[in-house]
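What follows is chain A paired twice: with chain B in the first complex and chain C in the second.
And then the complex of A and B:
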């Protein structure tokens, strides 16, 4: 007599159950491990990003009174003179700080990478240390250095070049940007120098020996060996410095005494975003500014990477 | 046994465990206050700390949590609190230039309680300087109780004036003042008056003195009207061009040094700033004095106003009647106000408080002048200052116009100046109006 199917126990044995639970645990473990990050990211990263994108299409006065205005915020942005000024100021700052910072950082790195400079370690530390201070501290420091009549900058310039003692660096719309660029140079040249130093030390020494054997002079070696060798780092520094420049906020905010300075000469895009969102309380328009900034920075970064050939890879 | 990831990781692990254990055994005690109040001024904070115990004694079981929030943060933090509906205080003191930004949107969505009925029923509308309600009023609704009047005088170096033989009793109008200023100013070394050429903080009091302002009572932008044009035509030659009598170096230590050196002879000084000067330039004790603002024309107004604070009750408050009582306790107690005046030099908005003897006390710093009486005599003449949710933008635009006018005047002098001023002020005002039109509420 054949055994009826009902005689076969369909309940898994204890060992099988344990085994399945083990398999399940095994499969779930990676998700459990990454879940803290995912929870935090979706709560504090993705949700605000999506929410701000939605807000960009609303005129807001807090969550209670938000009126859908479609593309009106973006249309207004195109004709907003304050935003234009913020974009111009930020672009000027980015241009000068990047195009002065990079050569200076590289030059300093080359200098401190050469064997004949004494006290290299100390000098590296000295040039890097301004970056440890933070933008708020540096802002306070330089706002004191730049004060007219009694400030150290004017005293020095008066002594060496006869510049008037009452030159108002931070109260003259034409001098605000030079003051900000100078301050950022002091703060970041040493920081970027470290990247270049690391890149220089990673260039294969054999290439220099081969170039010397081939009769290449120092300039040729720099052009044909050093520059190609540090190119990935140079592109990285260029892109990061540009992004950093477009995120400028604390330095002018502190140096200009929590304002945009005379004639809004120190108004940056992030400062405008902050003022619009958290001082005026117009979160919708601030979101529009934020998204425009994000898209702008993305496009500039892509352009820089395209021009510098960062995507070609391999070499 | 060696830790597999090295000593650095080990030390971080130990630190995190230790700090975690410490935090677990030292939790932050939850605050269970009946009322939470924010103020941005340290002087107010110190004074209220003394006044709150008597309020708590009058109301057993009531606990007031007073918090000092920085001036810059109070605006942004309060905006954020309103937006998120979290951590909203029950009462807040808001600085005058930020107050308007909280009156955006439909009236029903303003975060502060409408105090109009309470103020009118309690008689405070008549007992306080009426002009001081204007900055805290939007669309006919009063959202804040004024803390102060802030009449403006001129603080001057009496010792240098005496040396130079200047008789301040003969200074009646700005023309008199400027004539003396031109005689005593030595470019680069000594200036008659401290005035900035790059921002409008002191342009505004002079605008109000003439009866002008950034907005009218209906909230329309008026910063390009004839009064504003005339004020600009008056102001710019004071700070620019060959005949300037004014300069500005900044605040803090540099201001101290400039006053001590006699770089500035006079400063625009509302009541609160007289205390700032006392604190920042202590060496000038007995060498300073105050005089009324020169009038625009003979017999005209001899004061203006600069700065201000309101106290508001948020809609978040669970006990608005109790909060109102606390506001009155802090703003109406005559003895407390008198002591606060001694500590801060700030003249309260409550008119009957000025009868207290504290306001007649001679002040050694100010050459024994009765500082309180001098300010109180000018207080009834303080001009109205109307606000708008766009007041911050308007201030910025006015500063931009000032900078442009100063630059024009430096390059071209009087030639075409008036036309430029009209055009530039209109441009600034139009930008504000454009922003106002965008408001969909």
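And then the complex of A and C:
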């Protein structure tokens, strides 16, 4: 039987061979396409995650030496006044920047979205533009703007509100945080505004008409139509800007000239992580600080999503 | 239109204009400051009475600023190309194929987005150190060569490409990679523009990781170089402003070119909810 080489059912035609290759490459394609991500993820994502969990239980001196210390790092963390200071500063910054940023961004977005405004494209660009500059460049610029006597900030505030010209924003422990909040406000209000604006434009126009027919005034419409309509985006912006605030590093680091500032008034959690890990060289303790930050951020985000009801009623 | 509406409209417009002016002032001052002589820098006039190129000359004579500029352009462009390729490829796979393990991969991606990147910095540094990549651009680019945010962005936009288009191509004998290259990528052009800008800005402005990895001065990218300049020549504010201005200029130019796509890309994920 095997001596029938002309039987076409035994030797696949060219078309059949090609189609088999086609099916195979169709089946393999998705795996090949995600493989660079997976390889990179396991090497530079999953491995460091596991490793940093382990490192959190070691005392290290640079990348070479490591001594197992058990829970010592965590015990030290609880009594480490520098770490407490960093957590407190970061929380204060996050509170104020989110608390001031979101209403201001939403307000600007509402105004820009109203039909009374002219040149909204240009205004939108103007408000967004500070976000193009990275934190480092903003930090350098504002460290000059905050200079006493000559700096633009003091001159402006002196002119508007009579603030003394020699106000030393970055040398006075009580003024470091306001200066940082002010700078981040300048940087990020327009960024959040873009999100609110996009959300506002996606709200169904018919709902407003229906509300008008029902006799709802502008205030009622805002509460009954606008706010529910933009809620998913509002929660997104709230969570993202809180996470961002907790990762604050470059802005104070640059503005305070590579330091935590007077009386460590600008010390943030990430700055402390950087100092312990890469200035002092204790990568183990830095990992402990890092995981505490990660857990804190996770808990706050989950809390925010829960309180704002983002989990209810599907996605 | 009633008089009341006119007044409201006027006040709203005035307020927005004032707020826009307040927002733009620091940047206009930066631009003006670069062209002032050191004596005029803090003068009460906003713009220099006479234009001086001192700051730029001083900048290039004290540090090899052109070198930092080239380094930054090289690192950022490499990052953009690599991230664009890997992220869009994975985004395409997750949007248009059904395969085992797809769901776990999506969950994996979501959970990494929640983790602050600084948590991984210590072990990542250790790994890069052992790979011998400290003080190299590979140590900068390779760990960030794929962007989870980018994968999501491309998945969202590629979902909207009709399946019929891809099937038609398959019937004509088009391989899967060519479908990606010749059909999906050209169709996703707006998203590519958005992603390029987001990725470019991210790399261009990044400070912490390059600061950890790069030690040799001649390898510095702009943010680290500028930070070093702050420490070295604290009194030369004009020079500092010239450096800042030149550092942000490329991003601003790129933004002007890709502005529409950029904002569409930023809000693509959020508004869908």
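General remarks:
Please note the rule applied: the second predicted complex is superposed on the first by the 282 of 315 C-alpha atoms of A that agree within 3 Å, B and C clash if a C-alpha of one lies under 4 Å from a C-alpha of the other, contacts with A are read in each partner's own complex, and residues count from 1 in each chain.
Note that contacts are C-beta pairs under 8 Å (C-beta built on N, C-alpha and C of every residue); 3 or more make two chains touch, one makes a residue touch a chain.
Not measured: the values here are computed from a predicted model.
With both structures placed on the common chain, the touch criterion links A:59 to chain B but leaves chain C unconnected.
Applying the stated contact rule after C-alpha superposition, one finds that A:172 touches chain B and leaves chain C untouched. Touch criterion met: A:281 reaches chain B, while chain C stays clear of it.
Using the contact criterion defined above for the overlaid structures, shared-chain residue A:217 touches neither chain B nor chain C, since it reaches no partner. Put simply, more of the residues of chain A are touched by C, taking chain B and chain C as the two choices.
Within the superposed three-chain model, A:69 lies in touch with chain B and out of touch with chain C [touch as defined at top]. In the superposition on chain A, contact of A:164 is made with chain B only, not with chain C. When both complexes are overlaid on chain A, the residue A:150 reaches chain B and chain C alike. Once chain A of one complex is fitted onto chain A of the other, the partner contacts of A:258 extend to both chain B and chain C.
Residues 63, 147, 149-151, 258, 274, 278, 283 of chain A contact both chain B in one complex and chain C in the other.
Across the interface of their complex, chain A is touched by residues 72, 75-76, 79-80, 82-83, 85, 98, 101-102, 104-106, 109, 111, 188, 196-199, 247-250, 254, 257-258, 263, 389, 392-393, 396, 399-400, 403-404, 407, 431, 438-441 of chain B. In the complex of the two chains, the chain A residues touching chain C come out as 18, 22, 25-27, 29-31, 33-34, 36-38, 40-41, 43-45, 47-49, 51-52, 55, 63, 108, 111-112, 114, 116-118, 123, 125-130, 132-137, 140-145, 147, 149-152, 186, 189-190, 194-195, 198-199, 202, 232-233, 236-237, 243, 246-247, 249-250, 254, 257-258, 270, 273-274, 277-278, 283-284, 286-287, 290-291, 293-294, 297-298, 301, 315. Interface of chain A with chain B (complex): residues 59, 61-65, 67, 69, 72, 76, 81-82, 147-151, 164-166, 168, 170-173, 258-264, 274-275, 278-283.
Note for the complex: chain C touches chain A at residues 5, 8-9, 12-13, 15-17, 19-20, 23-27, 29-30, 33, 41-42, 86-87, 89-90, 92-94, 97, 99, 102, 105, 108, 112, 114-127, 129-130, 142-146, 151, 170, 173, 175-177, 180, 201, 204-208, 212, 223, 226-227, 230-231, 234, 237, 240-241, 243-244, 247-248, 251-252, 255, 259, 263, 266-267, 270-271, 273.
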